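Here the chain labels run A, B, C and D in written order, and each chain numbers its own residues starting at 1.
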Amino acid sequence: MAADEPPRQELIRRLNQVPGATKALVAMRADLLRLGQKDDALEALDLDFRHLFASWFNRGFLVLRPISWQSPAHILEKIIAYEAVHAIDSWDDLRLRLEPADRRCFAFFHPAMPDEPLIFVEVALTKGVPGSIQGLLAADRTTIEAQNADTAVFYSISNCQEGLAGISFGNSLIKQVAADMSLELPRLTTFVTLSPIPGLVRWLAKEGHDASSLDPNSLLALAAHYLTEAKRADGMPLDPVARFHLGNGALVHKIHAQADFSDKGRNQSAGAMVNYLYDLELVSQNHERFSASHEVAASPEIRSQSAAAPKIPA
Amino acid sequence: MAADEPPRQELIRRLNQVPGATKALVAMRADLLRLGQKDDALEALDLDFRHLFASWFNRGFLVLRPISWQSPAHILEKIIAYEAVHAIDSWDDLRLRLEPADRRCFAFFHPAMPDEPLIFVEVALTKGVPGSIQGLLAADRTTIEAQNADTAVFYSISNCQEGLAGISFGNSLIKQVAADMSLELPRLTTFVTLSPIPGLVRWLAKEGHDASSLDPNSLLALAAHYLTEAKRADGMPLDPVARFHLGNGALVHKIHAQADFSDKGRNQSAGAMVNYLYDLELVSQNHERFSASHEVAASPEIRSQSAAAPKIPA
Amino acid sequence: MAADEPPRQELIRRLNQVPGATKALVAMRADLLRLGQKDDALEALDLDFRHLFASWFNRGFLVLRPISWQSPAHILEKIIAYEAVHAIDSWDDLRLRLEPADRRCFAFFHPAMPDEPLIFVEVALTKGVPGSIQGLLAADRTTIEAQNADTAVFYSISNCQEGLAGISFGNSLIKQVAADMSLELPRLTTFVTLSPIPGLVRWLAKEGHDASSLDPNSLLALAAHYLTEAKRADGMPLDPVARFHLGNGALVHKIHAQADFSDKGRNQSAGAMVNYLYDLELVSQNHERFSASHEVAASPEIRSQSAAAPKIPA
Amino acid sequence: MAADEPPRQELIRRLNQVPGATKALVAMRADLLRLGQKDDALEALDLDFRHLFASWFNRGFLVLRPISWQSPAHILEKIIAYEAVHAIDSWDDLRLRLEPADRRCFAFFHPAMPDEPLIFVEVALTKGVPGSIQGLLAADRTTIEAQNADTAVFYSISNCQEGLAGISFGNSLIKQVAADMSLELPRLTTFVTLSPIPGLVRWLAKEGHDASSLDPNSLLALAAHYLTEAKRADGMPLDPVARFHLGNGALVHKIHAQADFSDKGRNQSAGAMVNYLYDLELVSQNHERFSASHEVAASPEIRSQSAAAPKIPA
């Protein structure tokens, strides 16, 4: 034990020596996060947990495993439970996300918690970049062969463990999956998301726009402006999903109106969705610029849409 | 990163994010231990390695795997290479340690280094507690069925990774193996070692005894005295193997003269060997007493032998 | 190829050389059984299939695998589909059959068709021999720990492959599962079924009894008589489930009235069910006697019930 | 059981129902082949074994597994024991056949005998077609990366089970391995053997040539003549290795003098070796012609060498 290290850390390490303890400790931190806010002693304990978990759940120790209809049922029921973006209603619905030839799913696991996915991403293989989530997920769409796809769409990414809040896996997961898939399917040239813009409606309202009365072009322009120009006090983008993907080194590629007809999609994103593009050759450079100066990478189309954004109505 | 943590730790954590990096980092510390002594900066770096490795190689993350003649050859060649107590001369010799019905071997592995045993223990199943290593390992001995054995003998335990020096696995390994074997073979009632006494000859010489001229009874008495009474300045036993097993909570059970005819056995241990007994019900209590007050647990036989030890010749 | 062997057999063997062919050939025979009746040439082909499948699906080549909530979803959906005795309504229902501590399921697989169960048996662990299938399957029952059970109840056994009709696995499956479970759970002393009596109502009607107006004691007595005395022209028991279990060497142990409230249970079995007992020490002897002389093994209780069976009403 | 089938077959099938029996039955036939010759009853039994084994060990049931330095030791010791072409002297020698980047080994296994290879082939990856076995196996050769190889050389193929004599696996093994490797290593364009010509010296002697006094060109021409023109009474090639590879659909590609300096190579093949070429597009056609009319496929070079073969000295 280092001289200046809180003895709580050594206690947590010793608790972890029992088989199965890692899972229990992660659950313990989930309780702590729920119960311990505004209590200095518990917040200090949380810092220790976080310090240790950052070591224990280091990327080098995580294992990427494909999730498929061949996966064990006790894992799959967790995928159903943890899906946070586009809810999975039933086992039949789950099968539609996993079994078709143009669908993939991948999760990170830790060897000491082999039955617990930490984070998972759902992928659709397409020809061309899609602009509607309901179209992408339609049960009656024409399924394509994986080797004919040119685009991999990360349409949902979900964290599974509340107890690992603040330990970031998403960046590594997307990059690893993109790298592995481009080896397996050499015709894949484009890796994009199809993402909500969850802060859009609130921001429009604050700016004096009524989301429901905007024509599509105005909506696209305002959304482009929101994603590239609207910032928090610390210089980071207002939109939380944008912060995640831009922080990973993706760029704002294309925005679609009338792309999500779900209640959540209408209420938060005004029905719009956005593709963030992971260009594996630019990802490091984008990430550096974003980290250093909050510079938002965007396609020329997005830039000109943003420039054309209508002013606030008088 | 904690505020007061050396940034080197974060660097090592980031290096570890690359697949396969853990093994490389362990090798890096092995180099460091070889090259870095007496250099303050390198010793500070070693402290960081040690801190992180204690977290990463926490017992909760280690996997116990049996080593057998069915194990992969690239693992087995490491068992040959790393055996530190009773050398394995050839693949035929290895087979004699693994294949007979009354032999077992177990190793700890870390999931991020699946091809590298960290530590392994070799076990012989016997009727009664053995008193000679050559007898125990004789190729022409009568092999017994595992389910007929009453005693499991840990006759060799070897660390494999120089880069993990100071990260202790042996205690957990012996206890886990004893617990697992007593489940698998319920007739096993006795768990002992058959261990060298590597500091005996040197100590005898310092005490004025000539190891080669001692009669067996005197040798046994002096060895009992050495193991239970001879201490370092810090109160710990002089003998390094005794420190390990007593620290684990074992007790000094029985000493045998003419128990090891090898050159090493004669030169270091005067041909004597000792059984340390792991009594699973007393192990915690023994460990506590040894930790608190360096109290050496020993059988009544050892106590009376030690009391009868001859004085130093004038 | 043997001189007098139909060349069709060699053709089938050659078709089988392609990877994945075994499953296709089994499906081909399923088609043949559906389409080929009363056609001499196709019936001859079926004989060849049957001859080869008896060789290929020899017990020595089958693999027993536990089916649990940890099994792959694409296997589990087949369990749902193939359950022939007590239908599984949903994935939640399936979980109730697999996940509780007092439930087990086992299936035979063939290595060349690793995704296709051939036959499976569902097992409930109980204290005492149960007399009601709804009680046994009740979701709100008190679950017991497996190691506290004294009885294993084979309450459902289902063939999965129409193309393997006439190739018998059930006997081997029950005996293997009983043998394995008695090793794993040494307190298990009783292996029974809880089986329907599917020919009972039809037989009662033919004998002039009205199943719906019988008092419980008369029903039990008549059912005992039916199972032990009612025979086909060839001397075999009338009841098909009785033929199966008696042929395996089980004995008629106990009959329960009001044991199955399902429509099927009422309509076919008058609500009654029967325990066939697999006494591992008597199974061979029972089987021999039954094969040699159609002698039906039964408990003393069943014998006296049968003797007391009421005559046909005038 | 078919009406006209010997009851011995049913007996063997029943014996096979016991776990582990398949291996014992194969060993039983090995004994039979050793002991039963010239005994009509035992030869009839052998016919039954052969009939059943042809069904049981059908290609569709065999599993191709790579053999590597990561394989279990108890499998590897069988590779050492069964290597029939170029003996493996030691575990170090074995490692040289398995561990380098330009070496591969594959074996067929049967699921009911998972610890027993049935047949295995050793492969060297090279640039260009090699002409010397000692050169190919030299420990001090320059190892190449697998992905840079253009040629896969099947330099040794060995059957492992005497009890499966007459059940042919070699053809399937070579074709499966060639197909799998061309998928894994798309730059591989050439699949050849480097084979002995074991009947050459005996044939030369019979033809009146003294193998030791022939100049290289005459030896090559005579060997070409021997392989393509020397026939048994039934029209099949005299040379047993030629019969095997030509029967598989390979062609005689190139002969090398001074290609094998071993005693066996000199005494049987006059130091010459031959490459049989497996051209995956011609293999079926070659096989058909060879089966139908014993037509020997050969390269133009071999044809002209054969035409130039010197006559028998007067």
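One rule holds in what follows: contacts are C-beta pairs under 8 Å (C-beta built on N, C-alpha and C of every residue); 3 or more make two chains touch, one makes a residue touch a chain.
As the structure is a computational prediction, the values presented were derived from the model and not from experiment.
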Graph separation of subunit B and subunit C (steps between touching chains)
2
Identity of the chain that, by mean CA position, is farthest from subunit B
C
Between subunit A and subunit B, tell me the centre distance in angstrom, where each centre is the average of that chain's C-alpha atoms.
48
Just the number, please: Cα centre separation of subunit A and subunit D in whole Å.
55
Mark out which residues of subunit A touch at least two other chains, giving numbers and ranges.
none
Which label fits the chain touch graph of this model best, line, ring, star, complete or other?
ring
Of all possible chain pairs, which ones touch?
A-B, A-C, B-D, C-D
Taking the complex as given, what residues does subunit C use to touch subunit A?
69-74, 76, 91, 95
Note: in the complex, subunit C contacts subunit D through residues 1-2, 4-5, 13, 16-19, 21-22, 47, 51-52, 54-56, 58-61, 63, 111-112, 172
